[in-house]
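If you scroll down you'll find the structure; I have some questions about it.
Labels run A, B, C and D following the written order; every chain starts at residue 1.
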């Protein structure tokens, strides 16, 4: 059923219209880029991770729909200040929930957010291993 | 297309609401009864024919729809005063035309009228032959 | 002359409250529910959702179980062809009755003629009831669907659906559809109590608008859509939604739910007065349908020696509008005599086939009054008598018989 | 905030004169045309006949060649499935294009999947034109039907139907159907000049009501009805007629006929102003459809590095309503991601498939003004830029590239 606000919850609209942590981190510790081949959405997540494996900063660049942008914004907010172990526990459900729910056809956007964390942390670990 | 008056022309309605020559002729020279098995209409035509084979009087009894009753009324008017040869020239088209037209699905009612004339004249001729 | 409308089974005006609810959706709230990313579309989708909820509540269904269509005819076609096409691998036998509306029997004939289905048309008794025993006997392994109406719009008989459905459920895996078009304004329907699978709803008997209807499709049933395109109505019925009509339908359900018993209580005494008046004053009348288990607004009968269309024309001339199931009064817009089709309902309940019956149905509505009933009772005997006086059958019959007619006009 | 509606391709308000024409048919003139023996029914039939005549005149058809349906989607389904089912003995091959509306392609997919038909989907060039040569080559002995739209609602391109029809007529015995939904408010149609067999009409682009459409069926063609029952519409489409909507449709045709050129003359300069403004002020824009042979109210394009749904949401937030063919903006009511379907039109005209395109369509209507166009031109560059600033693709691309953007909000 439609919300009075449109297809999206007020929270989604808030994050879509005023996304948090949008942009690059030039010296990121890890970068994850994930995409949805069926609709072309791409989410790029930059993480700044300190020596205690705490995520000091997170930023995103996203090409995609309202839900994808809002999920990106939300996920950066959710993982900032967390350890990478904690961050890896953020699931698509918790992202969607934090956004006040997503339409069924847009659940994949929150999945993308979860995958972006995983990819960025994987990248961080690989980079670290190489050092 | 519908007439402003309903499915029937004003002439049909006139003859339906105030049929001419309705009733029996007890000493009819010929009686024709024809019917339409598909819808049950029955038209009974009574003719009073004089020695010059002129139809002096015509009456009808009809069970049927508005078109059947109007056709009955119209046909009695059309054949009164005519010779039987002239009456036999009355066709369903002339009856329908005199009524200002009939809906396509009701053309069979004017056919019934034509058949009733034929049947009544046949009956008259058979009765005469028997005498 | 005063116009007295007693053909509510075939046409109802919109309740003014229904029209009022619809009005904003023509000009102001004209959005397309599918474009609900934008404000106008979202406003439209909210109204659509809200309407669906109200119609679902009306019959105790779930929100997503209501599929809006363009009317009862489409809903019936979707139920029958849609279910048959999608489930033919399970069997190709369908059961219905001899007294269904053409919007049931015509699609079934097409399924038989073009798509290899077999259909059993159950006979009914003289009241129009389907026998649970006959129904049980006709069920086969290949029976996938049973369709039996809730109420008959012509003779008024209301089936005992609950019993018929349990016969089907206990003895087969067939699904049950009912055309509730003629009944849903008068009879409280609860789909879960009935345990029914498919149900056709129409706003007609609820003073709702034309151009809309609904099919209840129980969750989990698979149907092949008839009208495909833009994925509306869960993909079961595409095409931009007729939102003003849907909103009006919902309003009609909302009002109908509240006022149903009041409406029945108003209509029943009127109907009884008409029935009793005709019974008392006119000879050779045969009432049709069950006297108790019938629609509260329906008086139906046939009269010997008088043809239905003629009765209608004369009544109409006197300002009274009713309907008839006679062949002669059917489908006058047809291209030829072959297009005239007598109502099969009368034949099914045993009205002699060989005479073109003088069947009449008076279906009352909330605008009718006692005065109107009395006016009909005053003029009707004269009309009947006038036709009798023209009828060769009557002439033959009454030699020696004094008819009961008490009043004769002119 | 002012609401600026520029999605007239998907929803139009009723013209107030159309609504006015409809109003008497809800309550006062509520009769059923099939009951035309009685006064109320006859009044309804007269209105129905009169409406049919007006709609027939609108496209130069004969009275009896107009079949009213519940909308364009139903008319398209009736044309395709109805003709296919009734004529399959002559062959089971159908030709259409890659840029048809879902109400054409969905029923055709069903004919392929369930009923053994074969369908050729003709490609189009980068403007969206069907090639007469390709059409000719695709005709076979078994081809019974060709369906090609008049105009595309998304990219605005108007086909040269006359040429395409003569290719079909000269080289085959197939009949020709066209979905004129998106064009009939702007393009004068004459079915006998076109020599067309089946044509779908919709009141949408004519400021007519929802819930009604029409199929022109040339005299002599045989169709299997989809919705069967009470023999309405010459047996081709049963169900009590939606008379208020039909009367409104006719009124919309009547007004459309008179005002069509004025409307086009009003809309074209607005459209050009919007087009030119976007062209001048925004980089990475690719206009779609043919620049000349297009609907007078349509501006369509796609923008690199910005996704359609996001564009729509931001525009809507700023009070401007448009539409997009992007997958992400489609069918948001679907049950899962799989229900999101990108418009096949963009792929057909060669828009790269691997990026989720930022397609947008502005479709203008008679309520739009120069001021509204200018407001859109004022806010749109900023919106685009905002999305670009979020896009990783844009980031990668612009290293070293200075975009043409002239204005940026905040």
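Criterion: contacts are C-beta pairs under 8 Å (C-beta built on N, C-alpha and C of every residue); 3 or more make two chains touch, one makes a residue touch a chain.
Just so we're clear, the structure is a prediction, and the values are computed from it rather than from any experiment.
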Chain hops separating chain D from chain B, counting only touching neighbours: 1
With chain centres set to the mean of the C-alpha atoms, which chain is at the far end from chain C? A
Using the stated contact rule, I'd like to know whether A-C or B-C comes out ahead in C-beta pair count. B-C
I'd like to verify one number: the distance from the centre of chain A to the centre of chain B, where each centre is the average of its C-alpha atoms, in whole angstrom. 89
Chain A to chain C: how many Å between their CA centres? 56
Centroid from C-alpha atoms only, then distance chain C to chain D, rounded to Å. What do you get? 35
So how far apart, in whole Å, are chain B and chain C when each is placed at the average of its C-alpha atoms? 38
Where chain B touches two or more other chains at once, the residues are 6-7
What residues in chain D touch two or more of the other chains? 36-39, 45, 309, 313, 316, 329, 331-334, 339
Which part of chain C faces chain A closely enough to touch in the complex? 36-37, 39, 42, 45-46, 49, 53, 63
List the residues on chain B that touch chain C in their complex, please. 6-8, 13, 16-17, 19, 22-24, 33, 36, 38-42, 44, 60-66, 68-69, 103-108
Residue numbers on chain D that touch chain C, as the complex places them: 3, 5, 7, 10-14, 16, 19, 22, 26-28, 30-32, 34-41, 44-45, 70-74, 76-77, 85, 101-104, 106-107, 110, 114, 204, 209-212, 224, 226-231, 234, 238-245, 309, 312-313, 316, 321-323, 329, 331-334, 339, 341
For the complex, which residues does chain A have touching chain C? 1-2, 4-7
Going by the contact rule set out above, which residues of chain D touch chain A in the complex? 305-310, 313-314, 316-317, 326-329, 331-337, 339-340, 342, 354-357, 389-395
